[in-house]
Amino acid sequence: MDTKHPRTRRPIEPIFKSVSTGSAGSVPGSPIYIGDRAPTEAAISLIQYSQSEISFVTPENIEEVFAMVEDGMVNWVNINGLADQDALKRLGGFFRLDALTIEDLLNTEHRPKIEDFDHYLFIITKMLTRRLDNSIEYEQVSIILTQNAVLTIQETPGDCFGPVRERLRTGAGRLRRTGPGFLAYALMDVIVDNYFSVLEWLGSRLEEFEATSASVRAAPGFMGGLQDVKSDLNRFRRMIWPVRETVSVLLHSESRLLEESINPFLRDLLENTIQVIEALESYRESASGIQEVYLSSVSNRMNEVMKVLTVISTIFMPLTFIAGVYGMNFRHMPELEHPLAYPIVMGLMLVIALGMVIFFKRKKWF
Amino acid sequence: MDTKHPRTRRPIEPIFKSVSTGSAGSVPGSPIYIGDRAPTEAAISLIQYSQSEISFVTPENIEEVFAMVEDGMVNWVNINGLADQDALKRLGGFFRLDALTIEDLLNTEHRPKIEDFDHYLFIITKMLTRRLDNSIEYEQVSIILTQNAVLTIQETPGDCFGPVRERLRTGAGRLRRTGPGFLAYALMDVIVDNYFSVLEWLGSRLEEFEATSASVRAAPGFMGGLQDVKSDLNRFRRMIWPVRETVSVLLHSESRLLEESINPFLRDLLENTIQVIEALESYRESASGIQEVYLSSVSNRMNEVMKVLTVISTIFMPLTFIAGVYGMNFRHMPELEHPLAYPIVMGLMLVIALGMVIFFKRKKWF
Amino acid sequence: MDTKHPRTRRPIEPIFKSVSTGSAGSVPGSPIYIGDRAPTEAAISLIQYSQSEISFVTPENIEEVFAMVEDGMVNWVNINGLADQDALKRLGGFFRLDALTIEDLLNTEHRPKIEDFDHYLFIITKMLTRRLDNSIEYEQVSIILTQNAVLTIQETPGDCFGPVRERLRTGAGRLRRTGPGFLAYALMDVIVDNYFSVLEWLGSRLEEFEATSASVRAAPGFMGGLQDVKSDLNRFRRMIWPVRETVSVLLHSESRLLEESINPFLRDLLENTIQVIEALESYRESASGIQEVYLSSVSNRMNEVMKVLTVISTIFMPLTFIAGVYGMNFRHMPELEHPLAYPIVMGLMLVIALGMVIFFKRKKWF
Amino acid sequence: MDTKHPRTRRPIEPIFKSVSTGSAGSVPGSPIYIGDRAPTEAAISLIQYSQSEISFVTPENIEEVFAMVEDGMVNWVNINGLADQDALKRLGGFFRLDALTIEDLLNTEHRPKIEDFDHYLFIITKMLTRRLDNSIEYEQVSIILTQNAVLTIQETPGDCFGPVRERLRTGAGRLRRTGPGFLAYALMDVIVDNYFSVLEWLGSRLEEFEATSASVRAAPGFMGGLQDVKSDLNRFRRMIWPVRETVSVLLHSESRLLEESINPFLRDLLENTIQVIEALESYRESASGIQEVYLSSVSNRMNEVMKVLTVISTIFMPLTFIAGVYGMNFRHMPELEHPLAYPIVMGLMLVIALGMVIFFKRKKWF
Amino acid sequence: MDTKHPRTRRPIEPIFKSVSTGSAGSVPGSPIYIGDRAPTEAAISLIQYSQSEISFVTPENIEEVFAMVEDGMVNWVNINGLADQDALKRLGGFFRLDALTIEDLLNTEHRPKIEDFDHYLFIITKMLTRRLDNSIEYEQVSIILTQNAVLTIQETPGDCFGPVRERLRTGAGRLRRTGPGFLAYALMDVIVDNYFSVLEWLGSRLEEFEATSASVRAAPGFMGGLQDVKSDLNRFRRMIWPVRETVSVLLHSESRLLEESINPFLRDLLENTIQVIEALESYRESASGIQEVYLSSVSNRMNEVMKVLTVISTIFMPLTFIAGVYGMNFRHMPELEHPLAYPIVMGLMLVIALGMVIFFKRKKWF
């Protein structure tokens, strides 16, 4: 069954299937890693900046970070990988994070959300990447915003924060001039911007399906492949709704960690998120439309096949019958003796065949 | 595959796909042109009027405009084309527009919205034009209403503001007697009025499909073409909803830039927008209905084809069999010798054929 | 293509397609007739009554009306036809109506609504009539309720107000005892009552479709006709929703033009409107159900057709093959010589045929 | 067309089609009987009880009732049949009922509702009975709760109040100890309890359809019968929603006619009503599922039929052709002379037939 | 009809079909067992713990429990089985429970709910177990939280509370340190955790269907089995919604029986419940997608079958006709005499057959 649309078989699963306070029956309140992937070794990076200076450090362990964090600077601690749970607990101790926050960090299947712990804001969101095998990777990113620091905790190495790091390095724009709240916004912003590229890719897959939806040959894998795109859209949609809620809460929060001046930017962010949602709705409608065109073209082809069969049968059955009649072995069949009988019968057959052809032409069957 | 309904293939895309604070990773807060089209060179026009006088000017550059803007007059500055971003920034400076407003102006894929910046109202809306290739052009129009001026910024030359200019010229009606708020309303009004002509055109396309939906020959492109109209309707609908919201906010805004006396007109405008929405819903239902009629008529035709095949087979198969029997070469087949055998068998065949015909007539198969 | 269900082809159109402040680009605020029909010459009638006396007059022109209107009486001015726009403007002047009210009067495609202008209430509603060609006529009726008068303005002659006139004439019931508010209610009431007869007619059309939905012959026009009823139902539904809103606003309005004692009657009116809506929903569900039954019965018939074909082919193909075998001209076919060969082969054929028949009987194919 | 699922043909009609203030054009405010059935002669019964005593009376006419009604007792007046409208008016006079209440009583197609007239509560609800012809009877029951009496007015004799009468007679439970409010609750309660038995019956009808939905033979009436159940469910659902609303209003009403202590019971009643609604939703989903299974099994059977036809044709067409070839009368056909030609050709045919059979076996066609 | 997807036939029934105040007509306020199962003999267990000590007891009867309940300890009384209704009433008396609470306990088909009786909280929820016959068991669990005790009443022996008992025994975590409120939370938590394992199992059933949805052979039971999973999903969904409501009420309740410190845990619990709901929605969409793929693949196979039939017929019908022609017995058929006629005709047939094959290859029919 070779097909133009190879299926990216994936298990049917809830997006956020985990149990945040431990797997069934575990002691609530004790941090446990939850997720599909084996947790990656933690790799730590620290960026410290003020308007005038900036430094990029790659500390060996979490204690080095504690030693380096400075007031008066914005301290961005990024941790890739959740394997070293002790380090994360010590991190929680240093920044006075709630025990439940550490648990939620470790649960990589948590729903996007925001929580305001007065002295810090805790945001869980998802970073989307297009994998090589045509599936979408959902990586959880936790952002913790404190008075003087932004902590970002990711599941695996590799992220979409490059542009932010670049803007920090070059010192362009508002980023270096403003506090950690703006950095947190900027990170959220590139994450949402990144959704658009995944969106675009989903759009191009849909276009491929649309291009072949009415074509001559019914590809056997068409419906399955289209269904895969649809379930990607559904998954994406279920993921983006809580993100939208999170941004909306952020926009209307009264936290003193967010300067008033960030609000227009957050409003922009919210608008972008809404645009992603609208695009997803639009794609879902397109997918339904493509499916309808496809099913209708399959049924049209069926019609064509049946017409060919019917035309052929209708022409040859009477002819074969006539030939059969004059193949009978009755002794007394006077026509058989007539010298012109054969050409006359052949002519009659021709007339019948032509009549049928004209009849079908009139009925516009071909 | 010649078809009556040529498809107007267009990419599947979100309506407002852009990222308003710059493309992914760009510095938020720096104006950048976002859009599909290459930005057009800006062409500026200025209309100044009071109840007693009016002047139409086409300034060379934006600075000329600044020099001419007068208090005590209504100053309508119209700019076609977004290429000269510096001029737009200087315009922003002159009218004390927010930096984010300039950015939003330049992002031609912004969602319709209204923002109240106290000393000015900023409205983004969309102007619809029917293109020659049967697609609909969505052109963004930004309207900025200040104390003494209305700024309109369009993507490309060509607009639907002709009637407003004409009414200004002739001095008829309330337009010349009232302030810039009424001008802004009048512009919104012609934009929404214009939606009706696009609506009407979509309606006439639907009517074409309806006319052929039950016709004899299944046009292969029918479903695809109908799907195109449906996705045009969806796109339109997603566009009009935020417009409706915008007008509603305008109606209930307490901005001192809008005189109280405009309210009945704004209410009319809102009603018109609702009528467009209702018409779109109505069209969507029609499109579904047309599709159902079409699919049902395809399946009816299939039924017809199958009946022809079955009738022909059912009549000729028994006859051919009988002819085959008397074509067998057994030595001892007494019937073959009988002088009347041939006419009797032929008569029998006739009886069978007639019986079948009557049977199918009774079953109302033809 | 003769069909039991002749389609009442009508253009696909929005119900209230008009632009209430004039067609695109016209001067807002200037009354212009908008509608499909050529406006009819105005015919005026005036009914004046108090509890003790009543008079029916047919004035020649609007000025006569002005002369006759009396305080202390209820003055019901009915105008059929919108052609004389000047008269309507003078009417507006006499009763101190807003300019926008006159405009809305003239726009016969306005959405049902109610507006409270303090010294008068302005109601737009729709009167439904079943036309002879199986379509539904939507006639706009504007009702204006002032301190001492009720104005009703209709598009064309002919209305459903007969019963109200009759009750006024006979003096039965509350109508003559109460003020103009009750008259306005009574007029709304007969309009809504009239919806029920249109409903009933739509119901009887649906019943016709239901009666034939599962019948033997697939009428080619069935789906189209059913679709027509469905789109009538949709149109009706879109019309009735704003009517419901209007009545609800009327019920909760605090206007001093409506006596407190009318409220129970208005509540009844609202309940009736809700019943119309519920009936429409119920009809829509029925229509969908009928369609499903129809489509399923079409496919059942297809099944029947295919079975007949298959049974015939399966019986006669093997027989014809056997006859063909013994029609071969091999020199050495010993069976051919055997005196009993012919009856044996014929018997074999009979056994095969009977076997097939029994097989299909067992499979319950017929 | 004999079918397992006889259709219970019923007219398509709105549930509550009536016009509560009289038929179109009648004088509003004058009581008129509205309904499908001829109104039944009124049969009156009176039950008077206090905690210590109880009496069951069957008065001849309404005046006898008036004479017997006692303060200090709970007086339950039950009237079956609406024919004697004068008696109902006198009843209204005695208990100081509003004229509109009497009208609503007489309109047997009224929507369930509750109205609080301060000195009495007026409840309209519906009693459901399963009729013998497989349809559901909707009988209107009006319950009027006053300071010392409960009036129940039914359309026809026969009700579901037996258990309440029994509990009154035996004096068990709270009923005899409490006032008329509790009696009204108890009546509502048995009415809603009764819905469950109708529900159960609908469920068992659905189960019958489910049992045959995938069976071998496509019953021609299947879809129609299922559609009947679906429209029963829809009708029931439209009826129960206003009942739910009524109970909810009752629960939150502040009427002094309802003792505080009834509230937990009313909450229970509300929960029961919600359970009926949920069960109906569940049934609707089941009905859709059954329909999908049925349609899919019809199409599977079609597939089977087509496969039989194709297998037969594919086996016998080539064989018949070969036999036809050796039945040709060419003089020079050397094979014909060969002594082994006949068995060889027959063997060849056998090989072809077996090859075909193996081919289809491999393709899993049978 | 052997099938890979054996149906787990179950009656169509409302989830919570019971009538909480007794079956129709019973005396409201008297506790009666309601349910499908015969009520099981009650088995009582008592766990008493404080931070320092813990004891597990299995009392013989309910009076032993009363004697043992101690203030200053958390007393968890668990009762399996509802047969001993007297004991339950005495339990109600001891803990001062409302009579309606006891009734609700006994009604095993009650909707999940929470009621705050000031001195105790009453929660009804459902425990889900996957039965061996592929159906899901819904067991009702009532949780009553008082000042010093938690009562849990289950329908049958066997529960999912093992992990809680284990954590109590080992003394790990917060459970032993905190009061009865936390125990109630922990029980709710394991119940909801348990939903995930049922979810997972439903997911794996869906995956099986997905794996075969596009496979070659249309399993006759496919649709029925998928429908079973869908109705399990619907049932689960209707059950979980009131659970979600219950948890939400618990979270926002101001009851003094719940310490403030439980709130983050309750919020977690609510999030888990929402995740179950989202997963169910996701599964429902998957099920619809699988169904569409299946139906489309059925129709694709039909297409294949029809093509085979058409190709075979189109090739052999003309050939058989030609053979028939030369089998006619006309005396004057000059071709018959020609020595090369036979090979020429056979060649002609080959050419026709090859032409047909090439034609269909071009049309991509195979």
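Note that the chains take the letters A, B, C, D and E in the order they are written out, and that residue 1 is the start of every chain.
Heads up, the rule we're going with is that contacts are C-beta pairs under 8 Å (C-beta built on N, C-alpha and C of every residue); 3 or more make two chains touch, one makes a residue touch a chain.
Just so you know, these numbers come straight off a predicted model, no measurement behind them.
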| item | value |
| --- | --- |
| Contacts common to subunit C and subunit E (chain labels) | D |
| For subunit A paired with subunit E, centre-to-centre distance based on mean C-alpha positions, whole Å | 27 |
| Euclidean distance of C-alpha centroids - subunit A vs subunit C, Å | 44 |
| Sequence positions of subunit C contacting 2 or more other chains | 299, 302, 306, 309, 313, 317, 320, 324, 327-329, 333 |
| Order of the ring members, counted from subunit B so that subunit C is second | B, C, D, E, A |
| Residues of subunit E defined as touching subunit A within the complex | 160, 162-164, 166-167, 172-175, 186, 189-190, 193-194, 196-197, 199-200, 203, 206-207, 210, 213-214, 264-265, 268, 271-272, 274-276, 278-279, 281-283, 285-286, 289-290, 292-293, 296-297, 299-300, 302-303, 306-307, 309-310, 313-314, 317-318, 320-321, 324-325, 327-333, 363-365 |
| Contact set on subunit D toward subunit C in their complex | 11-21, 23-30, 98, 100, 111, 113, 216-218, 220-224, 227, 230-231, 234-235, 238, 291, 295, 298-299, 301-302, 305-306, 308-309, 312-313, 316-317, 319-320, 323-324, 326-329, 333, 335-342, 345-346 |
